[in-house]
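Labels run A, B, C and D following the written order; every chain starts at residue 1.
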Amino acid sequence: MRFAETDAQGIAHHANYPIWFEVARVAHLERHAGGYQRLRDEGIEAIVLEVHARYIVPARFDDVLVIHARCSDVRGARFSYAYAVERDGELVADGTTYHATVDAVSLRPTRVPSWLLEAVAAAEGSWPSGSSP
Amino acid sequence: MRFAETDAQGIAHHANYPIWFEVARVAHLERHAGGYQRLRDEGIEAIVLEVHARYIVPARFDDVLVIHARCSDVRGARFSYAYAVERDGELVADGTTYHATVDAVSLRPTRVPSWLLEAVAAAEGSWPSGSSP
Amino acid sequence: MRFAETDAQGIAHHANYPIWFEVARVAHLERHAGGYQRLRDEGIEAIVLEVHARYIVPARFDDVLVIHARCSDVRGARFSYAYAVERDGELVADGTTYHATVDAVSLRPTRVPSWLLEAVAAAEGSWPSGSSP
Amino acid sequence: MRFAETDAQGIAHHANYPIWFEVARVAHLERHAGGYQRLRDEGIEAIVLEVHARYIVPARFDDVLVIHARCSDVRGARFSYAYAVERDGELVADGTTYHATVDAVSLRPTRVPSWLLEAVAAAEGSWPSGSSP
């Protein structure tokens, strides 16, 4: 938690969570699928269609948070990710993001590349035990 | 749209929308219910339980966006708001936020004050015609 | 002041001021010189070389701040802006930003276009009385 | 570099650097002086008086940046930090921040505690070789 991410309630402002989700998603793609940059190199952009975040307990300045991310679905030109934000084993928040892959120039939907499909299918994604993503 | 709100895809980064929702919610409370500060003055904090955002078309630098907000539900210690982001009459995004009112010291749930209840019930909230919030 | 711009000290986080400076600079260019987009349309990008901000009194949630901006110098491929952030006539912060105009493709320095030079020279820029920018 | 920190020029937006400076400053205090929280526990707040940032080359998405921080001066109720942002040994940006320690309740200046003074004086702070901070 950065100090800049706190608000006047003394907690992490809720709009930071989608940013943290993205940081975890990018790291997951990096580790398992050659990185988000590989997508962009192939002329594909991944766009965000929807974000859901659920806040369970507040996060505070200097908290060390672990953001778990896993690809929860891929079909056609769509994929989704699920997230769990943990602090010392306690669930702080969770969420889901929905994405589409589009041609970087025409912005038309284009199928999720098979290498990405295979990579994220094979990936386990770290996930907190005891939660049902 | 601020330039600082753009990202390397040349569009408004999706994490800005929850911030814009909040700006509209605060303005709505200001206009209809004496402001968010009045809540805080009574020792009540409104916390965010959930945020949903759905992105329909990208927003770009220098776009003039209108954020419509209306209180969509109040019961007990919970209330929710619905949002529609428009540019020149086109729906750019929509969303919902879920909130709870809590005692500022104990952080225990406390009923939404009746003055707030009445104020938001009476308020119409600007809402784009043709959409069904 | 947006609530998202506060921090756990209950005041506007200091990293917001460069964003507000930019909002005022873009509005100043819009009003006096056809807008920042006109620069981009000519294949010119304005880049930021330096930012200085001086914080005098804290800004708080719901404060209405006026950001004064004026172009303080233009020569060759460089220009600078001065800013004053006011609340009810009180100086909250001031600052300066230094910029260069570069070719959008080669990123090499290119002279500030004469139309921009003339426009900002002619512009007065709102400025708080009693301060010496 | 987070994707959310990029802007429509495809580079890190300049307003992120003061945030990165703060992250490095907080980490430096953590390592050498028991942390920023120890200050707050003693009823002292450190406020930001001034920020200077100088941008040398742009940072891009997925860049791994190292932020060097060292306390450059302490006297009375004032202290300052110097920063150097590096990517693969190349200087991307540098900067300075000026701070005051104040009583958390009265907000009056209060001397920098001696334990902090001694800690930061003893600390070397990582610093890129070949640069003259």
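Basically, a contact is a pair of C-beta atoms (placed from the backbone, for glycine too) under 8 Å apart; a residue touches a chain by one contact, two chains touch by 3 or more.
Note that the structure is predicted; figures quoted are calculated from it, not measured.
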Distance-maximising chain from chain C - centres being C-alpha averages: A
Cα-centroid distance, chain C relative to chain D, in whole angstrom: 23
Intercentroid distance (Cα basis), chain C paired with chain B, Å: 29
Inter-chain centre distance, chain A versus chain C - centres from mean C-alpha coordinates, in Å: 34
For chain A, residues contacting two or more additional chains: 3-4, 15, 19, 22, 61
Pairwise touch network: line, ring, star, complete, or other: complete
Touching residues (chain side chain D, partner chain A) in the complex: 2-4, 19, 22-23, 26, 35-37, 61-62
Chain D partner contacts - residues on chain C that touch it in the complex: 9, 14-19, 22, 45, 47-55, 58
Residues of chain A defined as touching chain C within the complex: 3-4, 6-8, 10-11, 13, 15, 60-61
